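Presented sequentially are two complexes of chain A, the first with chain B as partner and the second with chain C.
Right, the complex of A and B next:
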């Protein structure tokens, strides 16, 4: 071996990067920053800009001038119904998902054996591997009047119960697949993994010694849960709720396939930009979920949801 | 310890098995009221499992545990009158220091004014007055350790369990905390059961200590007793440093093949021509290594006829200057040799 072999260009490059860590950082961060800054945020601002244009009511063309007339159009009673319907649905789905996800996540982290845990992870992830559309259509069939849910209710002589549920005003309907209940169930099914996984991640960061310390200091299991485990898992619940809430706010496929075809925000945007060609109003509509999410995050912060991070 | 009223914790033939491993294997001991009792042993020797059995995080598979005369079988941790200082402190990260300390009182629904008064008293006692509004993440390791101590002591437990509480601290702080813990224990008069793998710590703080190995207790006694009269080769080797002699070497030095231990600092080193006192055990050898350790120097001496002994000598000045290669005469009083049970390891 020669004592001073000439460095190859590759070796010289790695030395250069080693000696100039900022250069390396810049090289690594340039693509994601370009993507986030220019394409992602840029298109979002372009969208927001669109919402300040308006449609000329006579010619039907877009007038590229700053105006608040599109926002005046946005806040009509019919549109307020759409916002309310969507936000209530998103809130209901989020609360139900949190209630179902928490025990599952808790079991996975605290009690399940390694094998069981892997199995449960697979169970949570598996639906995400198949097509979203196929799953939604499958649910339409399950919930239909001729579907398996109705059949099951018949076998158990619980048809009266199903009828009673469907007879509830507003959320009921002729069948599960043509009611808010059906839309709610499908939303809940589709977004549940996005609630379970963040809660699992949060619970895994709570060391067992903390629950032992709480028991040691005299707290019964219920008290330990309320005072220690749950407060420390709240950031996970909030992270999950951001997913379920915002995904429900923006979805336009599920309410079209399962439900009573009353419009949700996503559906309204889809129709405004597609059929009606009213891009400014569609853009104004998209501002609504952004504002709702911003308000939600501020409230979550105020309530100390992130203080345990 | 025969009076049952003065026994804080009593183990009789307690075992705890995890799968194939007998973590605690037929262990019996009594801890007296107000005693500072240490459980010393290497990791995996069963000392922490014993502590968890007292706290109630584990249940014994066999045997009986009494806490103040009450059989605690099936009693959950939250109904036991003992509190624990955890190795990682286990402070609640979402609560302030004050909320952490007052946690036990809050659970027992002590009125909030009294809660605050007692928590402040406790914080003062552990020298953290005025830190109540901070979060644990804003404290140093030593401060967190004090919070954990205050949080456990505020409940006036009958027994305080400490699981290597000083393990994460640096040496200086550890020595300072040893003194503080010891004086704190005298002031509050609560029974302390202290788990550690640091023999120096156990010797310095305990009234009595139990040396654990492979889930069993090798020896129980006062620090001086354990150090001066180790019962087994394991204790002789784990608590302090010992020369373990057995077989032919033991035969040659002591006149019997029974293994024995001799502490390096008990061996005197004379010039090869020097005369040993009457009745002393004596042997000639050659210094093969000398390590300067500040206050002492450690010599390894190869003996004539095989074997070697370690000798430690104070660097007090004026004593015989010895360098590797020198011939020396070693001698010690017969009474300082400690006969051991079982084979040396």
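Right, the complex of A and C next:
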């Protein structure tokens, strides 16, 4: 081989890249940055730009001129209802998810044996990754009027309780699958794993020595939990709430399948761009969750949630 | 105190944890149960009888097979693109410090951090503006965009735990950059790549929110499911497809978990 005397083109290229690390960096970064920068951010900005166009009220066509009239249309009483409904739902789902997730995460980190912990971890991860649609579908089975929840209520002689819950104004309805309670349950179910995992991550970072020190200084287990463990786990809860909140804000499939067909932000966007063909207003609508999430992220960052992600 | 030094949980904590886990799993159990129901028109419970005939019916359906085929092809192509782009980005972030390095992760995570409907509608309106007709590739572009981050996370986690001296050693022994990549770096991150790829595949195979905007008239398996959910026509067949979808997404997840189980960053802890 004469390769030692005369380097092959491949070797020369290798040396060139070794001597010019910036060139190598450029070659590495260019493809992913071009893909995300041009395709993803490009279409995102194009969409936001279109929110400044407007629909001509007479011809019904999109006028490509800068105008704020679409935003005037956005802030009407009917749309304010949609925003309020969605944000309230997102908040309710987030709070409930935190309440259910915390004991699971706490048990997993502080009490379960290693083997049990791996099993529980897998038990949280599998639903997270298994099909979103199938899991929504499962609730259609559960909540149907002739379905499982009704049957169990009958067996336990709790039909009166179910009826009483359904009779609650606003959140009740003719059956669980056609009520806000149903929509809430499905949201809660689908996003719960997103809340458990960050809390687990946050709790794992609480050093054992801290709780031992607290006990040595005379705190009862309850006090240690309230004064030491819980405050340190809050960033995890906030990190989880970023997911539960954001995902509820943008979802348009769950309220369409389980619920009373009152629009949420996601559903409104979907209908505006599809049936109505009103891209400018749909684009203006997408600004709402983006702004809400931006504000939320700023607050979350202040509370140290990013270290628990 | 037990031997592993962990205190026993109070019964109320154990009950709450158990209830939380049951809440996550009982609905999936009922999906599997309903695939065997003889009832065709409603979701009546208890089931009037059990049968396996719907599995045969579902597997002979041309529309379901076509949808499955499209989903698999889209997921494979999106995964391939995501593996290349995610690995490149991870390598860049690992090897060098540069202006805006911290923003790379943010840019990569944005497609799954923002609600899917925003990604979907942006891509759709971009296709419209540029007069691109819907095709296999319009779906793949959307899927690859949000799959990059799972590969990136897995590969970067692996690279960060590897010894930097490894590459220098390889170079000192006379290997060029490409040989070092082929014989040192690639074997080292092989399982992380595989795990990331598995997760990307599962993510793409199951995706419906972005897909409804980028598919046009094409039907992937999740889109088929969605149309059945909105307007139920054949409940027994839908039940069988649901079980099938659970099985297809679980296998790659379990493989990914197994491949990275001993590491600190078990795959799939973030979606």
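Keep this in mind: the second predicted complex is superposed on the first by the 253 of 309 C-alpha atoms of A that agree within 3 Å, B and C clash if a C-alpha of one lies under 4 Å from a C-alpha of the other, contacts with A are read in each partner's own complex, and residues count from 1 in each chain.
Criterion: contacts are C-beta pairs under 8 Å (C-beta built on N, C-alpha and C of every residue); 3 or more make two chains touch, one makes a residue touch a chain.
Because the structure is predicted, anything quoted here is derived from the model rather than measured.
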* To do: Check the residue A:80 against both partner chains and state whether it touches chain B (first), chain C (second), both, or neither.
  => neither
* To do: Using the touch definition from the top, say if A:207 reaches chain B (first), chain C (second), both or neither.
  => first
* To do: Identify the partner contact of A:218: answer first if only chain B is touched, second if only chain C is, both if each is, neither if none is.
  => first
* Now for A:10: first (chain B), second (chain C), both, or neither, which partner does it touch? -> second
* For A:47, decide between first (touching chain B), second (touching chain C), both and neither. => second
* Asked: chain B or chain C: which reaches more residues on chain A?
  -> C
* To do: Classify the contacts of A:23 with the two partner chains as first (chain B alone), second (chain C alone), both, or neither.
  => neither
* Asked: Of the residues on chain A, which ones does chain B touch that chain C also touches?
  -> none
* Structure fact -> Interface with chain C, chain A side, in the complex: residues 10-11, 13-15, 17-18, 21, 24-25, 28-29, 31-33, 35-37, 39-44, 46-47, 50, 100-101, 103-104, 106-108, 110-114, 118, 120-142, 144, 146-148, 150-151, 189, 192-194, 196-197, 201, 246-247, 249-253, 256-257, 266, 269-270, 273, 279, 282-283, 286, 289-290, 293, 309
* Structure fact -> Listed in rising order, chain A residues that touch chain B in their complex are 207, 209-210, 212-220, 223, 227-228, 231-232, 307-308
* Structure fact -> The chain C residues in contact with chain A across the complex are 4, 6-9, 13-14, 16-17, 19-21, 23-25, 27-28, 30-31, 34, 42-46, 84-86, 88-89, 91-92, 95-96, 98, 104, 107-108, 110-111, 113-119, 121-126, 128-129, 141, 144-145, 148, 171, 176-178, 199, 202-203, 206, 208-209, 222, 225-226, 229-230, 238, 242, 245-246, 249-250, 253, 257, 261, 266, 268-271
* Structure fact -> Listed in rising order, chain B residues that touch chain A in their complex are 55-57, 76-78, 82-84, 86-88, 90-94, 103-104, 107-108, 151-152, 155
